[in-house]
Every structure is written in C-alpha cells, then in structure tokens.
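Please go over the structures that come below.
Below are two complexes that have subunit A in common, paired first with subunit B and then with subunit C.
Let's turn to the complex of A and B:
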C-alpha cells in the first residue's frame, strides 16, 4: 500500500483533472531546443519579463498619476517626492523602457544573424516587427505623460514629423494631438494609447508571436548536421529556463541599480515656451533626431526623405526580408550581404547617436 | 513503405513473435525510427526500422530470426516521453501509427445541415451590422477637437522700449488664455521674437511689399506696412516646431537665430542661413501704438513645409 495523498496533492489532483495542468506544463516545458540551450536565446524571455515588470510598475504609477494638463506634472512630482518608494517605481519604469528597447534590438539582431526569419518562420518575423513598432510607440507615448519640458518638446517634434507623411499626415498629426497644438487632448490621447491600446496590442501580438514560434519550433543553430544537433538537443526546461532566469535576474538588478543611481528627475513643467531648455528626444530616438540635422535632409522634400521615406523604406525592407532572402542558408558567415547590412545599420545608429551627444556641447 | 501501426503482428523469418506495443519517432526527421515488440514473453524489445523488411496493413515482417530477437535492447521506458508530453512542431502531421482510424460519432442534428455556409455568412453579416453603423460615430467622436477656428484677437506682448539695438532679436514672453475642451481656462506661456529692423533687414523681410494676413474665408485680417520697422516672428521654428533662440556664433562672427533642435540658423530678417529649415521664420501681424506698446495676433503655422499653412 502506498501512502495516502496529502491535502495539497489532493487539491492539485482535483485541479489537474479539470484543467489538465500537468499536460499543459509538460507541453510548455518539454520543447526540444535543437542543438541545445544557449545564452543567445535569452532575449525573447527577457523581453517578456521586462514587459510584465513595466505593466506592474505602470499600474502602480496610475494609483497617483492624473492625466490632465494641470495635474500631470504635479502628480508625477508627488510620486517622486512624496509617495514612499514612488521615485523608485517611476525610475524603474523609466529605465525599464530603455532596457526594453535595448533587448528588442538584441532580439531582432539575434534572429537576423541566425537567419531565423527564414521559411517557415516568416510570420513570426512579421509579428515581431509589429511588436517592435509597439515598443517604440510605448516609448513615444510614455514620455509625454510626466508633462515636463522634455515631454512637451519631444511630442511637438515627433508629431510634426508624422505630419510630413503624404496625404494622411495632417489628419494623423491632428488626430494624435487632438487639435492643432499639443495640449490636454494630446495628453488624454497619449495616455489612452499608452495604458490601454498598446498594452492590449502587445499582449495579443506577443501571444501570437509565441504561438507561431511554438508552431514552427525553434530554429536552432545555423551550423551542424542533424545528428550533431540531435546529440546536443535538450528541452526548454531546465537548461534554457535556467539561462533565461539568470538573464532576467541580471536585467532586474541592472534596472534597479540604474533607478538608484540615476533616479528620474523632471524638468520644468511643459509650456510652449522652451526657455533655456534644448529639446532632445529619448536616447533611442537620438539617431533619428541627429539624422534630421543633416543638410541633405533639409527643406520640405529632404525632410520627407529623412523623416518618413528612409525609416519607412527601412521598415518595409525588414518586412520583405524573409520573402526577398529565400536562400535556405542560415550561416551568417555565408551571408555577406546580411552581415554587412547589419554592421552598417548598427554603425550608422551608433555614429548618429554619438554625434548627437557631441553636438550638445556646441549648443551651450 | 507504410508506417508500422500499433497492435500490428510482428513476424520474424521463422515465426510470429508478438505485436507492436510502441513506436519511437525521431524528433528531427519525424520518421518512425524503432518499433517496440512485446508479447510472447518478449518483455518489449526495441528494434530499429532497418531490421524491418516490409510493412503490411497489420503485419510487420522482420529480417531477423526469432532467436535473434533477444539481442535487441529492451525498451527503457524512462528514457522516452509520449507525444502528448512534448511539443515538437508538426510531429503528428504525417504519423499514421494508430491501429485504424479513431472515430467519434457526429451528433444526429449535425448530420444533415444543408445551410452551414449560409449560417457562417450570417454570422459575418451580423458582425458587420454591429460594426459598420458604429464606424462613423466613433470617427466623429474621436475627431471632435481636431479642427477649431482661428483666433484673431490682438494680444499685448510688451513695449518696444526694451529694444535697444537695431537688428537684434529680443524675446517677448506673453500669456495666452486657452480654453481647451472641458478644461478651465488656462494661461499658456508663449513667446515671440521682436526686431527693430534696419532698412536693409526690413527690405529683406517685406521685399518692398506690405504683408497681408487673411483668415480661412480669405477675409483680410491685417496688413503689416512695409515701412514699420518693428517685425515680429512666431516663436515656433518652421523646421519642426521647436523654440529657437538668439545666439552669438563666434564662427560666423555675428548674431543669428538658432534652433537647438536640428540646428537651423536664420538671419535677423528670418531668412534661412543654414540648416534644414524649409522656409524663413514666420512673420506675424504686429501693431505698435504711439506709446510703443506692442500687440500681435498669435498665429502658428505648420512646420516643415515650404508654403506657410496657418494652423492656429
């Protein structure tokens, strides 16, 4: 006779019988990773972790934040200066957004370099691009909310850029601003987009992203014969999950440290008079900002080229990538165009970001 | 060759040795790699597919003699998981190892539904019936604050006695009362740049012609006379809408208007000297009374376009 099941085991058995938890858990954890777990595969899980933390800190911030032009700034200051640990939660949310952008770049680079966007994973790539857009949208709508000078001017310029889209630009810009100039309506709209529309879109699309990923299976490394891959294969749990957990812990510790070392400080309250403030967007939009300073992007057409056409064509190229690049070769060292392309894009972003930072000196 | 099915009889060269209890599938190729033969006291031997000579509907013929069966390893069940416990994409798509089809009876009511497509289309139609009438109201609802009439009121911004030197940009800050939607009326900080222009600069601004300002209907609102030396520029950079400043640039050896955002540089007359701006600074309607008090009409123009399009 075996021992009688204890209460906990009975409860688990009761739930399992009705939900099928054990099968679900087995299905989720027992996913073979061809060629074995790797540190290179951590980025997707880390992004999910960062998003969950952004959602948690974001919800907590909403307990005090008021999205109105006459209270947004004061309520944010209240969170920073009066509410216990408010400074920490806001700073975590702030640095978390930067971490999210960095991880999106890392994740996309990994998939690109590993050739993992190729058949049969085209749909995963496309949904991933939409998610990239959503993350940038989160950044853009998020930093208007404190309603300080940085917020006001980044939004003013950002929406003016959108206005340059042919035909629909004027409508889009007015639609987002809720009028001709940024004001209460803009704040309301950005708030709804930031806390309702984008999170819902992100959750839906991230779910689809993971579903499609499970449907196609992990791509595995770009080298190795089937037998070698099989010999090294392990399941998602425990080795890959262990690596993912270490990465999440590291990211968490880093964001916390940044929140402690560089907590968020607001500038003056937003007004259409910048005073001595030199407007500048968040660091991940700096390269675009610097790009628009170039002489070749001067004038009405140049501006359309720099602000709309080039980013638009770049995104379209990324979307078309799995359909243009149909060779099954995944080894990045045998895909010179892809490798050089990646290096050029990364170097361009880096150079423009650095020159934007150097240019600050010239302005003072 | 067919895939061996569960429960099929297994024959060696000399005699039948039992039936298939499990099949083992390669997770990469998705092909059956082994069969497990049980029964007749065999204890479950794991036999590679290379030993299989032929597969009939319910009989698998091996190449080995029955005496050799015991040389194959026994199945170690712990080293395997079932296909229900693992997620391998498309594993089941081309596996046909069940002994026969598994059937579930179709409910009686479902057996003769002639209008299945009709009901499907009806579902979509009702969906459209709900969504379409909402599209226009929702759009109008969201568009409510997007377009508002221009305000051509004169605002006091200060006195010209603050301006000491010709052709030097002086910032005048003022408050504009703004009543936005449900919000209480608020004073919004704004600014314009005033210039006491020398005749050459004035000529650059007005090109020898009076400057007319009209509203949406084309009605004349105000005319800036070409010989009034006071010129006022909107505080909004015509490149992408930032606030620009008056700066001494050692490299140029003179003072200019500089926008810190994308580094557009304008001459005192507002003409673009360098940088990405598509048009000169926007001149606003100005009137100066005998006492030197300055009034302006607060206008804003769309940034980034060559033509001047008023938006406020």
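Let's turn to the complex of A and C:
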C-alpha cells in the first residue's frame, strides 16, 4: 500500500478534479516542437515577458503619477527624485517600451523569414499585425504622460500626422487632443487609452494569438529532411522553456543596464512654446519623420503621401501577405523577392533613423 | 546528414562555432555588467572593464567548447577532442589580437576615407542644390554601403581564419561511432542536463538571488538629479537611544536636585542672616 498523500497533494488533487489542472499542464508543456527547440522561437515568449514587466512597473508608477496637466510633470519628477527606486522603475518602464518595439520587429521578421504566416497560419499573422499596432499605440500614448517638452511636442507632431488621414483623420485628431492645443483633455484621454483600453485589447488579442498558435501548432524550421526533423522533434518543456528563460533573463538584464546607463531625465515642463527644443517623435517613428523632411514629401499632398498613404499601403500589403503569397515554399533562400523586400525595408528604416539623428546637428 | 570536416567551407565552420558561442556567453556577461553598474562601476571604464574581461575568459572558454563540441558531433560526425574549448579559445584570442586589430584599423580608415570622398562629391557645384535632408541620407547610404561591404569582407575573412583553426582540430579527431539519433541526444544533453526540473529550479533560484543582489546594490535615489529640481531639505530627527536618553535624564535630574539643594541651603543661610540684621545695613536708607 502506498503512502498517504500530503496536504499539498490533496489540494492539487482537489483543484485537478474540478478544473482539469493536470490535463491543462500536459497541454501547455507537452506541445511538440518540430525539429526541436530553437533560439529563433524565443521572441513570442520574450514579448509576453516584457509586457508583464511593463504592466508591473506601470502599476507601481501609477501609485504616484497624477494624470493632470498641473501635476503630471511634478509627480513624474517626484517619482524620479523622491520615491525609493522610482528613478529605476520609470527608466525600466521607458526602456521596456523600446525593447517591446524591437522584439515585435524581431518576432515579425522571424515569422516572415521562416514563412510561418502561410497556410494554415494566416489568422495568427493577422492578429499579430493588430498586436503590432497596439504596441505602437502604447509607445505613442505613454510618451505624453511625463508632460515635459519632449512629450508634448512628440504628441503634437504625431497628432498632426494623424490629422492627415482621409475621412477619420480630423475626428481622430480632435478626439485625441480634446481641444485646439494639447492640454488636460489630451492627457486624460492618452492616460485612459494607455492604462485601460490598450492593455485590455492587448490581453484579449494576445490570448487569441496564443490560442490560434496552439491550434495550428509551431511551423518548425524551413529546412531539413523529414527524418532529421523527426529525430530532433521535442516537447515545449523543458528545452524550449529553458531557451525562453535564458532569453527573458538576458532581456531583463539588458533593460536594467540601459536604465542605469541612460535613466529617464525630463526636459522642461510642457509649454505651447517649443523655445530651443526641436520637436521630434520617439526613435521608432524617427525614420518616418525624416522621410517627411524629403522634398518629394513637401506640401499638403506630399505629407499625406509620406505620412499616411505609403505606411497605409505597406500595412495593407503586410495584412494581405498570406493571401498573396500562396506558394507552400518556406525556405527564405528560395524566396528571393521576400528576402530582398525584407532587406530593403530594414535598410530603409535604418538609414532614415540614423539620418534623423544626424539631422539634429544641423537643427542645433 | 553530416559534413566531412574537409568538405565544409571554413567560413561556414567558423560561423557555426563562433555565432552560438557568442550568444552562449552573452547572457552571463550582461548579468555581470549589470551587477557592476548597480555597484556604480562602469563596465567600460578601467576597474570594471578589467574585472569583466577577466571573468569573460572562463565564460568564453566554456561557450566555445560547448558550441565546438555540438558542431563536431552534430555537423561533422567526429568525436570532439578533450580541451577543445581551451584550444579554440587561445587560438581565437591570438587571431583576434592580430587580425581583429588590423580589421578595426582598416574599417576605421574606410569609414574616414569614404566619408571624405562622398562629402567632396556632394560639394561639387552641380550637386550643391541638394536639400539638407536628402544630402544626409545620400551621404549616409554612400559611405555606409562602402563601409558595410568592407566590414562584411573583413568579417568573412575573420570567420575563414577561425574556421581554419576549427578545421585543423576536426581533421585530427576520430569519427563518432554512435548513430545520428544518439549523437543528437548526446549534444542536446550537453546543453540541458538530464535532471531538467532541477536545472530549471536552480536557474530560477539563481535569477532570484541575482535580482536580490541587484536591489541591494542599487541606489535608492536617482544618481542623475534634474538641475532645476529642488529636493526637500528635510531635517532628520536625531536617532533616539533609549538607554542614553534615560541616563541623560537621570543626570539632569541629579544636577537639578543638587542645584535645588544648593539653593535651599543658600536660602536658609540668608534667612539666618536676615534674622540677625546688620546694624549698618539697617541704618542705611533705601533708594526710591
């Protein structure tokens, strides 16, 4: 006769009987990974980790932050200078948002290069694109909250770009600003979108994204014979989890290091007069900002073309990608158009981002 | 399924060992750099840098050995020789010291030279009308492309030389006797130990310990105060030590008691004198 179960085992058995804990655990951990675990598959898990950390640091910051035009700047300064470890939490939250954007780009690139958007994974790709938009929205709305000159003018530039969208642009710009110039209404709306609407949307869509992923299963590597893939096929636990954990630890340490090296330092409090400050958006919108400085994008129509039409067409193309590219070939080295297209897009983003940084010298 | 050491190109072989080795060592180095930062030491300034470089040596030997053994077993089908990590590390370090320095010098010269040439071309009268934003992007694309091509060539050269070092080790190794599945299992177990829940527990515990260390070292208030932010100059209350306070009170009371007694004695004395007044004083008239 076996030994009697202890209290913990009894509790687990009680919960298991009612919610099927062991079945859930087996389903979560015993997912087969064709071709075995890979470092290329870490990006999704790392994104989830960054989001959880952003939520934790964001909630801690909300204990002290006051979302009013009169107190937002002072309360942010208070967080930096008076609250214990407040400077670190704010800097972590700031760098975490950049890490999230980089990870989204890395994740999308991996899915694109691996051809993992193809049938039967079209829905995962579409939901992923919506999540990309939400991450960008987080960056845009969060940037205003410290209420310094950088925040105020980045938002002004962003809302002006949004205003150029046909039909809905004017409404969107007026709704976000809540007045002629950014003020209390703008801050309140951005705050609500940042801490209520976007997190709820992200949680819902991320859940759907993971559900669809588990339904279709991992795509696996694009190279290798069936025998090789079979020999290396493994379960999600423990090797992929190990890789995910190492990646999360590395990303955490990198964000912490950046918070130490370059902590958040506010500019002057926001005023409708830019003074010496040259308005510019966050670094991940810099390439678009620099693109709009080119002569071909001058004038009302040019600005519409550069700010709305080209990015809009690009996003529409990305959404239509699984339906345009119907070939079952996944090997990126046998898809020259896709490979060249990816290199061109990445090089354009890099060149125009660096150009925008060089451009600052000429403005100063 | 496996490549012969002599058939695989040295560039491919060098990349197959160096790339995973870099990423294997990287997380540990980042954690060390972070702890240095929390302690107020910059990892790229003298004491911090020396400490990090010194600690990187065993990490790199381990990482190169791990990825080298994997490539030998999985890709080349040969038994990895003993001390493969150490051999590849010191040979790689010597290569980096010589070829790496030369490559850095050449790349710097290329950047400076191409920037100067591009600037001269764009200063031509014909091209002076180009607006500033366009000029910046054209300049960057032109010198960036030249520098990127040279950097790529130099990197390939470095990988070729490192691949040759790996190839030399592989050529002297004996063929692996186990079937492919067994070798996959063997190199996989080199990366993840057999007792996986224990490994995950140790990893989590190490993570928690490192986070606690980080919080212990981290400054409580910002090391970068804002120039216009005036911090509250709060006067902190002195620390109360109960025993000292009691002794002090006792001393004060004793002193007070002594003073009272002295005053009482003085009062008594003066009362006695008042009972027998001085005749001279009594005769002296009081001033109004």
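What we mean here is this: the second predicted complex is superposed on the first by the 364 of 364 C-alpha atoms of A that agree within 3 Å, B and C clash if a C-alpha of one lies under 4 Å from a C-alpha of the other, contacts with A are read in each partner's own complex, and residues count from 1 in each chain.
The working rule: a residue touches a chain if its C-beta (ideal position, glycine included) is under 8 Å from a C-beta of that chain, and two chains touch if they have at least 3 such contacts.
Treat the numbers as computed from the prediction; the structure is a model and nothing was measured.
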Between subunit B and subunit C, positioned on subunit A by superposition, is the outcome a clash or a fit?
-> fit
First, second, both or neither for A:295, with subunit B first and subunit C second | both
Considering only the touch criterion stated at the top, classify A:183 as touching first (subunit B), second (subunit C), both, or neither.
-> first
Which holds for A:303: it touches subunit B only (first), subunit C only (second), both, or neither?
-> first
Of subunit B and subunit C, the partner touching more residues of subunit A is B
Check the residue A:332 against both partner chains and state whether it touches subunit B (first), subunit C (second), both, or neither.
-> neither
Pick one for A:39: touches subunit B only (first), subunit C only (second), both, or neither.
-> second
Is A:359 contacted by the first partner subunit B, the second partner subunit C, both or neither?
-> both
Partner chain(s) touched by A:345 [first = subunit B, second = subunit C, both, neither] = neither
Which partner does A:85 reach: the first (subunit B), the second (subunit C), both, or neither?
-> second
Which of the two partners, first being subunit B and second being subunit C, lies in contact with A:23: first, second, both, or neither?
-> first
Nearest Cα pair across subunit B and subunit C, whole Å | 8
Those residues of subunit A which subunit B touches in one complex and subunit C touches in the other = 293-295, 359
Touch list for subunit C against partner subunit A, complex | 1, 23, 26-27, 30-31, 33-34, 37-38, 131-134, 136-137, 140-141, 144, 180-181, 184, 188, 191-192, 196-197, 199-200, 203-204, 207, 214-215, 218, 220-226, 228-229, 231-232
Would you tell me which residues of subunit A are touching subunit B in their complex?
-> 23, 26-28, 30-32, 34, 68-70, 153, 156-157, 160-161, 163-164, 170-171, 174-175, 178-181, 183-185, 214-217, 226, 229-230, 233, 235, 271-275, 278-280, 289, 292-295, 297-300, 302-303, 359, 363
In their shared complex, subunit C is touched by residues of subunit A numbered 36, 39, 77, 80-82, 84-88, 228, 231-232, 237-239, 241-242, 245-246, 249-250, 253-254, 256-257, 260-261, 263, 265-266, 268, 290, 293-295, 351-352, 354-355, 358-359, 362
Considering the complex alone, what residue numbers of subunit B touch subunit A?
-> 26-29, 81, 84-90, 142-143, 145-148, 173, 178, 180-181, 183-184, 186, 188-191, 235-236, 239-243, 260-263, 275-278, 300, 302-306, 311-312
